[in-house]
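Once you scroll down, you'll see the structures, which are given as C-alpha cells.
Heads up, the next two complexes both have chain A, just with different partners, chain B and then chain C.
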Partner chain A sequence: MKNGFVIFLAAFAMIFTSWSAFVLGPQLQLGREKQVPVLNSTEVYPRSRHGEANQGLQVYRANGCAACHTEQVQQDGVACEVVLSSAGKNPAAISNLLATLNLRGLSQADAQAVSDKIAAGGGKVETHIVAVGPDIARGWGLRHSVAEDFLYDNVVQLGSLRIGPDLAGVGTRLPDANWQLLHLYAPKSVVKDSLMPPFRYLFETRKIGDAPSADALNLPQGFTPPAGYEVVPKPEAKELVAYLLSLHADVPLYDAPFTPVVVAKP
Partner chain B sequence: MTVNETQTNKIDASCRVPLLVLFGGAAAWLVVGSLLALLASLTFHMPDKFGDCPWGTYGHLQPAADDALLYGFCIPAGLGVALWIFARLGQTPLRGALVPVVAAHLWHLGVLVGLVGIFVGDSTGFAWLEFPRGGSALLFFSYLLLGLWALMNFSGRRDSGMFPSHWFLVAALFLFPWIYSAANILIVGWPVRGVVQAVIAWWFGNNLVFVWTSLVGLGTAFYFLPKFSGRPLQTYFYALFAFWTLLFFGSMRGVPSGAPVPAWLPTLSSLNSLMLIIPVIAIVIIGWKTVVGAAGQECKGGSFCMVKFGFVAFILSALLLIAQSCPVIGRLTQFTWFGPAQTQLQLYGFFAITMFGAIYHILPRAVGIEFAFPKLIRVQHWLAMLGIFILVASLAVGGVEQGMKLNDPAVAFGDSTKAMLMFLRVSTTGLLFILLANLLFALNIFVMILAWKWSLVKTVFAFVISPLNKAEVKA
Partner chain C sequence: MSDPVISTSSEPTAARSLAPMWILVLTLILLFLGAVYFDRHSGWFDQQVYSPYASAAMLDSYQPKSGAAAAAAQGKRVYEQVCGLCHGVDGLGKPGQAPPLAGSDWVIAKGHNRLAHIPLAGINGPITVGGKNWNLGMAAMGAALSDADLAAVLTYIRSSWGNQAGEVTADDIKTIRAGLVRPQPMSLDQLMAMPE
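Take a look at the complex of A and B:
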C-alpha cells in the first residue's frame, strides 16, 4: 500500500501542476483585465455590446454556430507598406520612380530605403504597418485576434473548425443587416454554393395582414413564400444579426499593431 | 494466481448487476450517438432539408453526437471495466453493489438530461462541456459515487499488490471529478472573464478526451494484453515510465497555436505535445515486447483482436496529435477536419474498440450466460475497424486538402469547403459502418440483459412455487 500512496501523491501533484498552469495561471494573468487604449488614439477598447447584440450571442451559443465558424483571425506577422502622401513638384518623375519600386510586403529596413529614394526624388511618403497572412488577405480582419477582443464576451465562442468562414470581423465585412437576415433564412439566396443550413425556424411565415410588415424579408426569386404570405424574422433572428454586426475586431492595439487607413472626409 | 475457480466466479458475479446497468446504458447511448453523428454528416449532403426545426442543424446534432459517445458510452463503459478489473486484480468481490447500480442509473439519466438540454438550446457552447447544469450536476454526483466506490473496493482489496493497470485506472478515477468540477464551476457556474473561459475549456477537453481515455484505455489494455498473450507485461518499469510521462506531458496541453491568448499558453501546449513522443515510444515497446511472438491465445476476431487494434489505434492517434503540434503541420491542419479525425480515432478507434474487447470478455463471465450471437462479435469487429478507418482516413486527408486551400488566399473560401464535400461523403459511409457495428454490439448486450432478466423471472417463479409443492406433499 506504500507504493499506492506514492503513486496517488505524485498523480495528485501532476494534476495540480496542470491545473495551476492552465486554470490558475491564465486567470491570474487575464482574469482582471480591463479595457486597453487604442494605439495613437484616446479611445479605449473594447466597448461592451448593447443589449440586443448580447442576446444574440446567446442565440449564437444555443444554435451551436461555433461548431462551424471560428472567431479568431490568424496572422503570420507584419510587413511595411510605403504609401505616397504627396508627389511633390515633379509628379511624372515620382510616378516613373514608383513603377520601378516594390512598395508592399517590405521589412522595416527595405521600407526605409524605399522611402529615402522617393524622398530624394521630392515625394513625401508614409510608412504603414500592415498584418500579413492568408486570413488577412481574405479580408477576414485587419489584424490577428487577441485576448482583448473577448473581454466582455460571456460565453467566449472561439470555435475550432472552419466549415464556414471566420466571423471575427463579419460586422465590418458584411455590415448590411438585411443581407444577414436573407443569408440566415436562405443562405443560397445570397451565396450560391453555401453549405450553411437555412435557419428558417428563426423566422415566421405568416399571412400578410392589412399591410405588409416593415420587417418582411425581400426575398429573391425562387425563395419567396406563397402568395399572400410574408417572411418576418423572429426576435432571435434579429438578435443574432445584431450580434454578428457587432463583431469587428479592427482597432490597432499594443499587442496587435497596424496602421489604420483613415479615409479622408469629403 | 492461486485462487480457485469458485472464488473467481464469485468475484465476477459480484459485479453482475452494476456492469449490466453501466454497459446496457452505454450500449444504448453508443447507438444514439452514432445515429446522431450520421444525421449530422447528412446535413452536408442536403443542407436545405434540416432548416425547419432547431434540433436538425449541425450545430445541435454534432455536439450531441460527440457527447453521447463520450459521456454516454466511453465513461460508463470505462468505469464498469475499471470496477471489474479492480475486483479481479484485488481478488475481492465487489461489496455494496447497490451503490454503483444507483449511481449508474443516475449517470445515464444525467446524459439524457444533458442531451435534451443541447437540443432545446441550453448548451453551454463549449466543446465537450455542452451539457447544461442539470445534466452535468447529475454526472458529477454519480461519477463521485462510482469513483469512490471503485476506490473503496480498491483499497479494501485482499491481494495488496499494485499492478500497472491500477495506476492508470486510479489516476483516471481521480482526474475526472477534478477537471469536470473546475471547468463547470469556472465556465458555467461563475464564469471567469474573457478568453480564460476558452483556455479552461481547452484544458478540460484535452484532459478528458485525450488523458482520461488514454489512462483508462491503456489501463485496460495493460490488463488484457498480458492475459491474452500469456506473457507478463514487459515491463513494469516501462509501464511506470509511460504512466508518469503520459500524465505529465499529456495533462499540460490543449491550447491550439495561434489562439488569441498570451503566447506562453500555446507554446507550453505545443512543447508538451511534442514531448508526448516519449510515452508513446515507451508504450510501443511495451506492446511489442508483450504481444509479438507470445504463445498465448490466437486472435480470432474476439476480445484479443479488439484490444490489440485499440492499442495500435492509440499509437496512431497520439502520433496525429503530436503531428498537429509541429508548427509546419499545425499551420496546415488548424481549423480543418484533421482535428476531428484525430478525436474520432482516439474516442472510437482506440477507446471504444478497446472497451468492446473488454466487455465481450467480461460480461459472459459476470452474468454467467454466453452471448446469444457469438459470430456477430467478429462481424462487429470488422465493421467497426472498417468504419473508423474510412472515417478517419477521409477526414484526415480531406483536412490536409482543406488546410492547403485555406492557407492560400488566392483560393476562394467556398472552394475550400467544396473540396471537403467529397471527403465528407466518404466519411458518411464510415459513419454508416460504425452505426451498424454499434447496433450489433447493442444487440448482443441487450439480448444478454433480457436473458438475464428472464432467468431472474424463472428463479423467482421457481422460488414461489417450490415451497407450495413441499407443503402439498406434507399435507
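Take a look at the complex of A and C:
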C-alpha cells in the first residue's frame, strides 16, 4: 500500500463531491422553502392540508398511484398575449387593426410593439403572461411545478411515468368528489377508454339496510351492484378523494408567473 | 528438470505515464462548454429560477405588473382592510352598522360621481339602500387613501358580488377630490343634487 493515503484522499473526494451535489446543494438551495404570496392576491400558497387529505396522501402512496401518475407539470417557455381591454372611441378601426395583428405567442418586444400599435389607434390593451408547453396545452396546469407545490407533501409523490394523466392540478380540473369516487370504483363508467384499474377494494358492496346509505355511489347502467346491494366508499376512498381534490398547483407565484384571469365572485 | 529461475532481484512496478495530451485538451473544452451552458441557463442556484427562465432578471421581467388582475387584487386588499369591517367582506353589510354594497343602486349607478363622494367626504343621515332605510353616519374613510387605492376599491365594489358597473380610474378620483370644497359629511339631499 505505497499509495494508501492518496487512494483514501481520492475516495474521500469522490464521496464528498457527490454528497455535496446531491445532499448539501439541494438543502442549501431549497431547504428553507416556506409559504409564499400568490401574485396579485392577498392569499398565501400553499395551504397545509387538512387531516383527511393528509391521510389521503398515504393512501395515494400505499396504492402506488405514482407508478402511473406524475405530479409535475413541465413548461417549455413563456409568451405574451395582448388582450384588448377597451376599444376606445373607434371600435371599427380597432377591430380592423386587430384582424391584421398576431396577438398570441409573442415575445416581450413583439408584445410591446403590438400594444403600441393598438394604443396609437386609440384602444386600451393589457399584456398577459402565459406559460407554454405540451403539458399546459393538455390542460394539466397553467404553469410549471415549483418547489412550493410540494411543501406539505410527505412523502413527495413526483412520479416519473405517465400512463395516466398528470395530477398536479386535478383538484381544479375535476373538482367533483362524486366523479372521483365513481372513477376510483369503475374508471370506465366515467371515462370510456380508461386504462386505469378499478380500485374496488376501497369500496364496500353491502346489503341495503332499512334505507339506502347517503354515501352510496350512484353508478350508471352496467356497473350497478346486484339488486338489494349498494356500493359505499371505505374511509380510504374518501381520504384519497380528499387528497386529490387538495391538489391545486396552478396559482401564479413569483417563480412561476402568469397573468391570472380574474372572475368576479358572484 | 529444473524450473526456470525467476529473477527476484527487482519487483515489477507500475510505471507512471502521462495521460495523452488530447484527453486533457478535450476535458478542458468540455469543462468550458459546460461552464458556458451553466452560466446561460442555471440562474446561478437561485431557488426561484426554474427553466425556462434563465436568470432572476429574466424572471423579474415576466412578472405580470399591471392590468385588471392587479387592480382587482389591489381593490380587494384595500376593501378588506378599510371597508370590509363594517360592509362585510361579502359586501352584504351589517344590520345597524353599514348598508350592503352588493346590489346597491348607489354602487352600481351608471356614473360614479355620487359614489365617490361618499368615502371622500363621508355621509350622514337617512338613506335608502336595498329597499331598506338606513340612518347612520360614515366618516370620510376614503379621504386618507391614495387616488389609485380609492379608485381600485371603488372598481372592486362595482365589479364584485354580482355587481357589474364600470371602472373608476385614479384620474376620476383626482378630479372629484379637487372639486371638494369643504369635505364635510354629505346628506342625501346634497348627494342627489350632484350629477350621477
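What we mean here is this: the second predicted complex is superposed on the first by the 257 of 266 C-alpha atoms of A that agree within 3 Å, B and C clash if a C-alpha of one lies under 4 Å from a C-alpha of the other, contacts with A are read in each partner's own complex, and residues count from 1 in each chain.
Note that a contact is a pair of C-beta atoms (placed from the backbone, for glycine too) under 8 Å apart; a residue touches a chain by one contact, two chains touch by 3 or more.
A quick note: this is a predicted structure, and the numbers were derived from the prediction, not measured.
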- Query: Should the superposition on chain A be reported as showing a clash between chain B and chain C, or a fit?
  - Reply: fit
- Considering only touches as defined above, state whether A:Asp176 meets chain B (first), chain C (second), both or neither. neither
- Query: For A:Asp116, is the partner it touches chain B (first), chain C (second), both, or none of the two (neither)?
  - Reply: neither
- Query: Where does A:Val146 make contact in the superposed view: on chain B (first), on chain C (second), on both, or on neither?
  - Reply: both
- Item | More chain A residues in contact - chain B or chain C | B
- Message: Touch test for A:Leu30: chain B only (first), chain C only (second), both, or neither?
- Response: both
- For A:Pro257, select first, second, both or neither according to whether it touches chain B, chain C, the two together, or no partner. second
- Query: Nearest CA pair across chain B and chain C in the overlay: distance in Å?
  - Reply: 5
- What part of chain A is shared between its chain B contacts and its chain C contacts? 29-30, 33, 144, 146-147
- chain A touches which residues of chain C in the complex? 45, 47-53, 59, 61-64, 66-70, 72-73, 76-77, 80, 159-164
- Which bits of chain A are touching chain B when the two form their complex? 1, 3-4, 7-8, 10-12, 14-15, 17-19, 21-23, 26-27, 29-33, 60-68, 70, 72, 74, 134, 137-138, 144-147, 149-158, 160-165, 187-188, 191, 193-201
- Touching residues (chain side chain A, partner chain C) in the complex: 25, 28-30, 33, 39-42, 75-78, 85, 108, 126-129, 144, 146-147, 252, 254-262, 264-266
- Within their complex, state which residues of chain B touch chain A. 43-44, 47-48, 50-54, 56-60, 62-63, 118, 121-127, 155, 160, 162, 166-167, 170-171, 174-175, 178-179, 182, 186-187, 191-200, 202-203, 207, 244, 247-248, 251-252, 254-256, 258-262, 265, 268, 334-337, 339-340, 402, 406-409, 413-414, 416-418, 420-421
